[in-house]
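In order of appearance the chains are A, B, C, D and E, and numbering begins at 1 in each one.
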Amino acid sequence: MMKISLKNLPELYSFIAKKNDLYLPIFKAGQVDFAKWDKDAIVDLNKLKTTKSAKDVFFPQSQDLVRFEVDGKKISIDEPIMPTNKQVIFGVKACDNRSFELLDMAFVEDYPDTFYEMRRANTTIVTLACAKPDEACFCKAYGIDAADPKGDVSTWIVDGYLHWMPNTDKGIELTTEVKDFFELDMDNSAVENQQSEIRAIIDRLPYSNIDLSKFTPDKLLELFNSPKWKALSEACLGCGTCTFVCPTCQCYDVKDFKTKTGVQRFKCWDSCMFADFTKCAHGNTRPSQMQRYRQRFMHKLVYFPSNHDGVYSCVGCGRCVQKCPQMLNIVKVIKTLGEDK
Amino acid sequence: MKKIGVFVCWCGSNIAATVDVKAVVEACKKEPNVVFAEDYQYICSEIGQNKMADAIRDYKLDGVVICSCSPRMHEATFRKTAEKAGLNPYMIEVANIREQCSWIHKDIEEGTEKAIVLARTAIAKVLLNAPLQAGESKVTKRALVIGGGIAGIQSALDIADAGFEVDIVEKKPSIGGKMSQLDKTFPTLDCSACILTPKMVDVSAHEKINIFAYSEVEAVSGFVGNFTAKIRQKARYVDTAKCTGCRACMEKCPSKKSLNEFNAGLDTRPAIYIPFAQAVPNKATIDPNACIKLKTGKCGICSKVCTAGAIDYEQKDQIIEREYGAIVVATGYNIINLDKFNELGYSDCKDVITSLEFERLTNAAGPTKGHLICPSDGREPKKIVFVQCVGSRGLRPCDKQYCSKICCMYTAKHAMLLREKHPETEVYVFYIDVRTPGKNYDEFYRRAVEQYGVHYIKGQVGKVIEKDGHLEVQASDLLADEQLHIDADLVVLAAAIEADDTARKIGTMLTASMDTNDFFTEAHAKLKPVESPTAGIFLSGMCQGPKDIPDTVAQAGAAAVKVIGLLSKDTLKCNACVASPNENMCNGCSLCATVCPYGAITYVDKEFRIPGGVQVRRVSQVNEAICQGCGACTVACMSGAMDLKGFTNKEIMAEVESICK
Amino acid sequence: MRKEPLIPGIGVVTDIRRDTPDVKTFRVVGLDGKKPFEHIPGQCAFLSMPGIGEALFSITSSPTNTEYMEFSIKKCGCVTEWLHQIEVGQQITIRGPYGNGFPVETDFKGKDLVFIAGGIGLAPLRSIINYVRDKRENYGKVTIIYGSRSDDDLVDYEEIKNEWVNEPDFSVYLTIDRETPTWDGHVGFVPNYVKEVGLDNTATAVLCGPPIMIKFTLANLQELGFKTNQIFTTLELKMKCAIGKCGRCNVGDKYVCKDGPVFRCDQLNELPNEY
Amino acid sequence: MQVENKTFKPTIVAFCCNWCSYAGADLAGSARLSYPAEVKIIRIPCSCRLNPMFILKAFQRGADGVILCGCHPGDCHYTTGNYYARRRMTTLFSMLNYLGIEKERTRVEWVSAAEGAKFSAVMNDFVATITALGENKKLEDLRCKK
Amino acid sequence: MQEIMKQAKLKAEELLTKGVVNRVIGWTEGDFSYDCSPATFTLDNLDKFVYTEFCGANLSKYLIEESKKEGKILVFLKPCDTYSFNQLIQEHRIKRENIYVVGIECRGKVDIDKLRAFGIDGVLGCKTEGDKLICDTIYGEKTVDKVDVMLEKCLSCKGKKHVVYDELIGEEVVEEPKDRFGMVAQLEAMTEDERYKFWQNELSKCIRCNACRNVCPACSCVHCVFDNPDSNIASKANTDRFEEKLYHIIRAWHVAGRCTDCGECSRVCPQGIPLHLINRKFIKDMNEFYGEYQAGEDTETKAPLNSYTFGDREPHEFDTKEGK
């Protein structure tokens, strides 16, 4: 393991940023979100949760796909510029790091999303352990260890130092490049102490032991038809807050935009909570907010696991718990539907 | 695929000189959906229109763009042709490449480039245009004529003779207007009263004409074919049904100090009065500002002398609401206030008078029984100076910039009549130019100079001052290049004319556009001279601009013909470009109705199918006969449910996009 | 580099045929004049016009057609409206094939087949019917029951009349909803007609049509003794990606674009009723 | 920068009400009172038809200035349209300015059918103002420049 | 607060039992005190009804759908919510006859995000004691001054008067309205470029979740222009800087003169964009230009943008500094 004094981090950032697009939790107008670092950026590694998850680094809110030019009856295609830049994302928490694996399942299996795939391949993930988990965290329910965040490199901040441990080849490669900024750290006890502190806190968290056992693919119809969805969803505004702050939500829309000389086709985040999500010329398969609400949670808790070996499409980051305008969230769903035995 | 045809007009050299029409045609051909593009010298010509009709048929066009003059000029022409050729008239768009392009840009390249953008924009719009069908509205077969001067009288008579009801609203107690105050009329020198009076009698006798004298229009609502006017009939304090016009009251009235408006204030009249002998209606009116009874409650003499018992001190203003299909504006004119022309001494010297006062002074029914005297001391004037263009054609703030048009002729008339009646008087006329276009006008003027020896001096009068009971006129003779001092007995000012002071109010009421001088604007300066741009409003006489009696009568007749044409229809095609709500998006919030100036929007509860049942929602509906298509509602509507046919959000945005490309 | 699945290729419309007042059939080839890609019956492709939108259509032509692809398209939204006003020679974008298609080489092989379609529902079935005609030896008897609102609304009527009816071991039953002066055939709704034609309940049935027709036909077939695992149908939902990622077209844990559009009815019964 | 400004030709969208300002523009044309070709006119029935969305759309699509011309207050063909337009534009322009958009980019002028000269003068002045102000950067959509 | 909650619950129980109403819309308890959600109640689940310092949500908008249903519904409205209610009545969006309005006392609501920004993490529960808020957190008990963590909308409260109600619960503590326009004025005092930078910074955070729109009682269109492809401005993501501006300008424009300043947009924005500053600019301008107007104060008065006077100021005269 290696360590670096926190006050030397800016130099490390600027070194990494020379060869890579470096993404860090950056403070801007009251919020902390992952953003590309530059020398004026205000980095906030202490923020437990960025408002948005880290997914935009791989799956940006909008992604240009292809550009068309139309001339009379003819159409020509401009192939898109692929994201070839090397990227480093620094300060990812265990839950967000885990979300990348879930997104991989969605985006790389079957027809792989080449933009996502390429960004994933070009990116080195430096994670950071959560020193101070909060009441909405329930990563433990999904077997995520916030004290050992994994990724290509794991880091911990203890007593003014950032402790650094590469986990993968990509991590080692990055470590080799930046090793001059670090001092060797033979004593793991500081990190280990923090880890046990973190685990102790997490054990005490109210949602850590939430019961997911009810959510299995074979209960699909039973859960789907539960009468409780109505009351659960009735305050839902149909906004996209939960889906847009969620690290695992992956729905998107494909849209065209007429530019000055052509048509830009792009992909952008969409939300299954939006009223027009499934609306088409023939009608709407999910016309009520209850149905849309149910879809979102059924997807996370039943459909996705059914297609991916029982893995839930939720990492317990608790963003939806804290950000829903009307305080509806997945935990309330899990608890309410999980009650039925 | 929608097929669009494009025509590019040369308009002779009007467009072709600064726009490369061939280049525009070529550029249009490249636009999507354009299957046909051609240029022609005059598309508005019959040949041009035939070409257009042929192209519509041959190419099965779904839309046509004409790059030509302003749509305000020929849009209607093109639409008619399209309709004849089987294309919905609203599938026509005009790209204004003359007024907005060739006429204002000198550079061919610049002009062509802009013309292409304008053409492209029109193509973008026509592609989104939808065929529109105009609705129909009923026509109220009655006309309103505002103003009872010769213009109003003539219009009313012509309309009534065609069999339609007419109401004349005149603010004064009698109709007749300015013409009734005139003595003789140029160039024939007939007596004004002799030719006007029979018309006034005709009006009063006409069964189709209703006179609201001493009345004013208070408010007008509605639209062409369906106007509703509120008329305030001011209290005369005389029951017109009973008054016989015997004038006994006038004789006995103790309050005789009011200035007589009819005689231009040169003498006085009683508080109860009939303005002049031939007044129509021949009914008395009490001037509430002068009547002792009304002011103090004491007197009541007129009531006592009136054998018909017509006097009613309790009478109140009455509001009458009437419906009309068309409105003729004949509000006439006034002469300007000369207070600001101190140098000419009008306010200070009694012997400086206006031409209108001169008319009254020479009129046999006037204050002097037609005996011309100096108002100051009653002597007969020996030397008279006429000053032209007082307040006309000037650049000072108190001046009107326009020519008052009638002064040259009436001054010639005055001078001639003077010299004829009083050959011993010397008559001088100071002028800037003498303008005498018109049949027999110049001959008339030349007679004044040549036959009657009137001294015409090109030059301006700088000053008129009173000196020893005479007037010293200081002027310059521009041709002789010398300063003149003329000792005159009487100075007559040809004061500029201006729109009547009520015109602005009436214009606003009618939403009829007016120019900066408060003259009503015609729909087209040449081709629609008697129509206001506001449908159903017609212009008669001086309200539209200075003109003499023959012109006024001609215009009055023309306006009447337009009214007759309108009223002879049972229904009118409504404006097809009306608001139309999409009820699937309508919130029923009523915001559109709050801004609708016509009250065209109403609401109904309607059932809508929603998942799992039926929901009742309040939605808006537009009465297409009432909607005039302003579009105020479309912006008040948040959801965009309310759109304006012919100017839809999508169409306008397509135009914006096309321009900004 | 792998090709991004959302990026389409260019196709050229080489023929447009008006089938009914609101259905047109478009023939599409690639820029090289060849068929854009291979497919199996029941699969779909995304057609689009840049700036108008992209929409999924089932491929109407049979895979055995090696020259071109055909799409029968009913006018109902902005993309279809646009398609209905184009002219031959228009280029469009095309990507696919998507979906599972009919199990022509497995479940269907050697079976008697009953095809039941309503209205534009014939479009996906035409692909498999012509496929079966071309591989006649692999399949048993074929019964086709097809109905529409009126005779004007029968898609591919010419082909049915002139070719299908003459095919050996093919029985074709046509019906329209309401009598018209120009129609001398059967009048009545498809679900009822299904019960009248005397179907052999050991056959495999394929249904395609409006939801209401599917619902009643399904019930009637079951009444006739068809088991749900003998009945196949296709679903159509809003889609944006067709590769199981955009999140719209799932019915329960199945994506119509990827796992469908062809479903066996017993499979459908295990899914939530949200289609 | 100086050089760039000289060659900068702004795109100006002028919304003109059909009854007064469009007629005023026609009059400017028939009187040959020139104004820059950068001005392109869109005819709307009344100034009250101008939806703020059109203005924003224009800026998005690359306009550098947007001007609305309508009948003088009191002269609206529809009686009240320009009064609404006046309030709407006043508040909207104030909002745009509040968001940091240059105040000069948007303008409302009342031009009657008789004011051809005014129309031309207004357009000359507006184009000069926008040219001096430079390209619209604050409300541009980069995609529309491609 | 406990007392008011008890009274409200009793009132709901009474009206339900008497059959005056068949359901109640209020707030339901969550797992932590801050996460109460709007919910409908019958006698069956009334035990879960709460009314606490975290019941910031404005319930008026739910009535658009609820009032169309069978039977009368009881709604609890805080003073500021009643303005939204009135505005919806004015716009014929809700059926007054189907609603029983109980005005409920409010002494200001707490913003959980502010509490967190104050460094109070891991909040498990809170209670008010006088002016203090005592928070039980996973990192121990913490106390703050309530005023420091109140919702923006409460810091600039319009005064605690209910403008419409059938019945009141608790005291009607009418206060002087607080200054709402201080920050707007500060922004106005900046230069154009400074303001642009400020808004660019704020609006660039927008993720287009539509929470501000969907929570807004004024933004209740059957079909929003931003969801309507035919509007030509529909969009889903802020693909370009322009779109975030377009969205917020048009949204503010559409609610201009109708926005009661209920503050829900700022409350729900996950990115903490001070959306109220946009809406308040319109309110401030309209007040200054056309006279004081408070949307929702009554159900009759025409909004400034839907009326006019002959002598209104001209569009170039919006520089408010000159107006002062």
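Note that a contact is a pair of C-beta atoms (placed from the backbone, for glycine too) under 8 Å apart; a residue touches a chain by one contact, two chains touch by 3 or more.
What you see is a predicted model; the values in this text were computed from it and never measured.
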Chain hops separating chain D from chain C, counting only touching neighbours: 2
Each chain counted as touching chain B and chain D at once: A, E
Distance-to-centre winner among chains (Cα means, whole assembly as reference): D
Intercentroid distance (Cα basis), chain E paired with chain B, Å: 54
CA centroid of chain A to CA centroid of chain D, Å: 46
Euclidean distance of C-alpha centroids - chain A vs chain C, Å: 39
Distance from the mean Cα position of chain C to that of chain B, given in whole angstrom: 69
Shared-contact residues (touching 2 or more other chains) in chain D: 52-53, 57, 62, 74, 80, 84, 88, 143-144
Multi-chain contact residues (two or more partners), chain A: 70, 253, 257-258, 260, 262, 270, 284
Set of chain E residues in contact with two or more other chains: 225, 231-232, 239, 305-307
Touching pairs among all chains present in the structure: A-B, A-C, A-D, A-E, B-C, B-D, B-E, D-E
Of all residues in chain B, those that touch chain E in their complex: 584-591, 594-595, 603, 615-618, 636, 638-641, 649-650, 653
Residue ranges of chain A touching chain C (in the complex, touch as defined): 65-66, 68, 70, 73-77, 79-80, 82, 106-107, 110-115, 117, 217, 220-221, 224-225, 250-254, 256, 258, 262-263, 265, 267, 270, 272, 277-282, 284-286, 291, 295, 298-299, 302-304, 306-307
Complex contact set, residues of chain D against chain E: 52-53, 56-57, 59-60, 73-74, 80, 83-84, 86-103, 106-108, 138-143
Touching residues (chain side chain D, partner chain A) in the complex: 62, 143-146
Contacting residues of chain A [partner chain B, same complex]: 70, 72, 258, 260, 284, 287-288
